[in-house]
Amino acid sequence: MSDRNGAVRIGVYTCHCGANIAATVDVKALAEFAALLPNVVLSRDYKYMCSSPGQDLIRQDIRDHQLNRIVVASCSPHLHEHTFRTALKVGGLNPFYFHMVNIREQASWVHENKAQATRKAKDLVCAAVRRVAFHQPLERGRVAIHPDVLVVGGGIAGIHAALTLANAGKHVFLVEREATIGGHMAKFDKTFPTLDCAACILTPKMSAVRSHPNITLWTYSEVTKVDGYVGNYKVTVLRHPRYVDEDLCSGCLECLEACVCKQAKVPDDFNLGLSKRKPIYIPFPQAVPQVPVVDPETCIQFKSGKCKTTCIAACGDRHAINLRAEAKVEQIEVGTAILATGFQTFDARRTPYYGFGKYPNVYTALEVERLVNASGPTAGEVVLRDGRLPRTVGIVHCVGSRDENTHRWCSRVCCMYSLKLAHLIKERTGAEVFNFYIDMRTPGKGFEEFYQKLLNERVHFIRGRVAEVTDWVFDASEEGKLVIRVEDTLAGFVRRIPVDMVVLATGLEPRADAPEVRRLFNISCASEGFFLERHPKLAPVNTFTDGIFLAGCCQAPKDIPDTVAQAGAAAAEALALIDAGYVETEPNTAHVMEEQCCGCKTCISMCPYHAVSFIEDIHKSRVNEVLCKGCGTCVAACPSGAIRQNLFEDDEIFAEIEGVLSNA
Amino acid sequence: MKPKVAFYWCASCGGCEEAVLDLAEGVLNVVAAVDIVFWPVALDFKEKDISAMDDGSIAISFINGAVRTSHQLEMARLLRRKSKLVVAFGACAQLGGIPGLANLTTAAGILAEVYGDAGTPELQFRDDGHALTLPKLFDSVFALDRAIPVDYYVPGCPPSPKIVSDMFQALLDEPLPEPGAVLAPDHAMCDECPRRDTRPQELKLDRFYRVQERMLDMDRCILAQGLPCLGPATRAGCGSRCIAGNMPCTGCFGPTSHMRDYGGKALCSIASVIEGNETAQIDRVFEGIVDPVGTFYRYSLPSSFLERKRLE
Amino acid sequence: MPNPYGYFPGCSLKGTGVAYEESLLALFQLLDLPLAELDDWNCCGATSYMCIDECSAFSLAARNLALAHKAGHRELLAPCSACYLVLRKTQDYAERYPGIAAHNGHLAICRAIRVRHPLEVLYTDLGPERIRKKLVRHWRGGRVACYYGCQMVRPYAEADRDCDPVRMDELLGAVGVPTVDYSLKTKCCGGSLTGTTHSVGLQLTEILLNEAARKGAQAIATVCPLCQYNLDAYQSEMRRASGKRPDMPILYFTQILGWALGGDLASLGFRRAISGRKTIEQWFTKDRVEKEAYVR
Amino acid sequence: MPDDFEPRIVAFFCNWCTYLAADLAGTSRIKYLPNAEVVRVMCSGRVDVQFVLKAFAKGADGVLIGGCHPGDCHYQEGNYKALRRYRLLRRLLRQMGIEDERLRLEWISAAEGDRVRVVIDEMVATLKRLGPLRKAEEERAHLTEVA
């Protein structure tokens, strides 16, 4: 190898990572072992290699000992490979004369026997030392970043991200599946813990989106295809027909009046079926855009073709209504994308013992959000389905959260919105309100104070997971009521509490279509199904796919402030890329050694990105290194070994294999 | 005076001897240029004649065939001692060759296979005062360079006349090629294949055939017709004689210098261009390859990473 | 003639629950569903065994399953919910914990058998519609509360939904029996507590009876001999315990269906009832049946 | 076979799913056996059959290839290439007297930290049952007759 790279002088650095590594791997022994390996001129161990003294150590040694290869045995390359490469660069060495050995995540943290863990670490270091000798100097490529941004999802996260970017002068495509933006927040009346009116803070932002020159808003639309790579994504958006032209419609809503269906018959999704709408409707008064939608499922014209189409007449010469409208497909190019696809609430029918769907007076929290909402189906009056005013209300916490049988995670917002609803219900009805909780979780600014406030308002709190909501009664006092059976773990006995109304604090779960979205954007999901961030602490809004960022509840349950903060962060990450103008790509691309290529074309069909093409006149294959994403599939497939991959050369991998097995 | 050369055969079929004669009248130039001191198949020299010579007094020894008996080992070592250059001549010497497939079994296995219960002659026997000792049959077959250091390799089963004459050219006058060189082009034979332009870019084979199972189109890429043709992985220089005969390349010219395990690489490549993403379908496609080792290591098992079948 | 279901009666159906067996056999005959009682069957391993020595319990269950396998059955009917649960649980555990299978040879093969409860068989193999078609006698009785007990639906919700089963309601509904919305349909019947901690067991059964009555039911239909016995046998004691005087017939769903499909009264085991005999008289007596026959 | 036999496994993990799963196992402090040593590749599609053969030849008792679940490949379809090669390779290995269990292809997503434990611990157990791949002494004897 030395003939290829001149005399190889390797420096090996073993990191203690405090006790994280040193406790399970004998770092001294490891360093001594490394010192004796071929081409190693220097081997050190140090407490924290990633710290700046640690990095200085490397830089200094490169100068003092003419090191031309560096191996660091510490944590996962996914965490600090970049850090150390930069250190090499500063030290005047090509950053790719470096290899990292993962002896923390994949050794000290997963093994208990110190001798064995150390043996394994030695093998891995030995492999790295052999490998790094073959490393070549490489240059990073640069990819220009298209300044436009795609934001998927028009809830508060998407709205905030879109506005932030637009205000920074970037053009944003905001794609929302529903007929209006606003998401879940638009359904709320008040927000905890400040009890300020959700509409008052949300609707201005919604209309700002609509009117912003830098935002292209596509509601009733879905992303159906994503091609390309960071900086240059080609996105296909399917725009479902709403049968009312957004540009021609003035939002007068006369068509709704004019509809031949005089009274509304269709269950209204926005109010979760608590009210009815017409076949032509607007989701809610403050909807954005202020443009009605025709529902082909229920519109007579669509069903029979024999409607007087009074709506069209009412629209008159505005000609906004076109019942023959068809779906449109838009093609756009963006450099980055922010996923803000949100969550869905847990389906209370999955916990039949709480009687949702069986007893009419069992509600989900979201239904009650609509009930207490001034612009909701009851204009803010909290009444039972039979119109009665509830005298006693029970709020069941953790429905579909913290439960082996449904979801293990805490949904984070339920405790607080339950407190909010308890307050609002008491305020509106004067009813006696019981909260049934496992633990009260109020870790947020002003949260605990709000909890105290509710205690002072004489809202009851019973600590215990509710066993069931039932209608079987012991005595007359329970007649006609719903009985909540629960073990009161503070009082230490089982209680039966008769109430008029039960509110199920359903948790947050990943949207049913999260897997499709994930594949569309080539990102990962965590085990519970929420999108996976690149690093839980250091890259919470990034994904493993460059240029794709996360905001809001699609990443994990969170409240509005956290969502907005994350949306801002995602926007900032996108801006950082855009304003840099380019992104540096990993040089681990493939390339064809043309004199060795026999032109068999095996490689051509290997590449899903069409990065390999066949040059007829020289009868050789060639790799377009910009399109190449560096998977190496073509390298393995090349029958005559004529394709090579930077950083994953055959020589390097064979050396690594021999290394790990060197003392087998 | 003319350089002394020796020819010798170890475990081989004799085809490589033929290959020298395949030079036709060209062989006369060779004969004219050199002084042949040893060639069991053609000339009556004895082993003792070689032993009598001074070390290094032979310019070049051309040894074909694999090493699989103690006597072949002795001869190889003897010729190595007496020669300046040793050339591994032909696939068997270079890679182990067809005899190398014996590494799927053992000496005992082979004898049982061949003689059944007929019994095999004992290693020692005497006849009116003469004692004869049969050489030991090794359990494994070896390429020549596992037995002795080899200076040059000439690929092919057998090497083509062109390759052979080029070889003499290269070795008889200065400057000599790089030590350890394989005396053939260092790219795959697809490049020279007359049908190369008929190889489609999108190849998705949905089944494999054996030669006897399919009437082959004379001028279409053979791999594209569903036969595991190893042309893409095999060193060029053979003159595509098999292709011309409408037979797939079976890889006798062995690997180019850019791969380490010929069969592994060839398998890796061919397995990449098939149809199917589910196990069941994939297995159906591969049913047509009844003997993977025989298909991908036909000439190179002893020089592969695994060298031989694992002992039970 | 379809090939018969393997039939595992278990101890109850030969003892306290004999009315269950009588009516079950009669009903399945009416429906041309042949049953073949398992030869040389043994205790299913439920209750006492299961809580003293699980492995022995599994072995007992496994032997029965192995017998069924040997007899060439693919399905095994277990009318008693306790038997049903133990057999099913044994299969499940053999699946999940190879250790158990190792402990007992039978377990290896016992997974092949499909353990089924008659209620689920009638519901899925026939279904309410086809049963309605075979209706012979029109219901003249009162409203019935369908009580499923806990073991048939939990943890294996295969015979019906785990928290609010409905199949008995639907089957009885199909033959014109009005059922009430009974929230306690899977609550504990007292189980073996009536034998050990009598007062507690009694309390539990009393809750079931009172709530049924409150919902307007005049009888309770069951799918399990233990539930039936608990609800049926101790009503007289409750009379003493509380002021209330429950005297409610506790029937097997097979008795009601059998009657509705024209089963011979004597063969349906009505006379074995302890409580609510008057009501049973009224609802199922012979002369009434003849009258109906005459009416048709 | 000696009881103290510790199998050696060379594990080729793809950078985006299985390697991350192994990292996750670490951050979750999931404990598993130390017999597998990871060689990171960008995609299971990069795993050349030669790598596997090399590992076996150099003394590995088992080889584990870890990739993304079908349909989830970070490079869209590299894992399918890996699957195809694996299916044919194991037949070749069978001919060479190497049991199927010694070469394992597993789909492990970035979220499945515990799956890494399960797979590796299982494989170690299996290999302990199978014993060393190279019964050193007599096999060496075979291959060194000429040396």
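Brief remarks on what is shown
A, B, C and D are the chain letters, set down in written order, and residue numbers restart from 1 in every chain.
The rule we apply is simple: a residue touches a chain if its C-beta (ideal position, glycine included) is under 8 Å from a C-beta of that chain, and two chains touch if they have at least 3 such contacts.
Source: prediction; values computed, not measured.
Comparing the chain pairs B-D and A-B, the larger number of C-beta pairs in contact belongs to B-D. Taking the mean Cα position of each chain as its centre, B sits at the greatest distance from chain A. Averaging C-alpha coordinates per chain places the centre of chain C 53 Å away from that of chain D. Centre-to-centre separation of chain B and chain C, using mean CA positions: 78 Å.
Distance between chain centres (mean CA atoms), chain B to chain D: 32 Å. Rounded to a whole number, the gap between the C-alpha centres of chain A and chain B is 58 angstrom. Of all residues in chain C, none touches two or more other chains. Looking at chain B, residues 259-260, 265, 268, 270, 272 sit in touch with two or more other chains.
Along chain D, residues 48-50, 54, 77, 81, 85 each make contact with two or more other chains. Interfaces, counted as pairs of touching chains, are A-B, A-C, A-D, B-D. The touching residues of chain A, when paired with chain B in their complex, are 593, 595-602, 604-606, 614, 619, 633, 636-642, 650, 654. Residues of chain A touching chain C in their complex: 352-353, 358, 470-473.
Residues of chain B touching chain A in their complex: 186-191, 196, 199-204, 230-233, 236, 256, 258-260, 265-266, 268-270, 272-273. By the touch criterion stated above, chain A contacts chain D in their complex at residues 76-78, 102, 104-107, 109-113, 116-117, 119-120, 123-124, 127, 519, 522, 524-527, 532, 544-545, 588, 606, 608, 629-633, 635-637, 645, 648, 650, 653-654, 656-658, 660-661, 664. Those residues of chain D that touch chain B in the complex are listed here as 48-50, 52-54, 56-57, 70, 77, 80-81, 83-85, 87-89, 91-92, 95-98, 133-135, 138-139, 142-143, 145-147.
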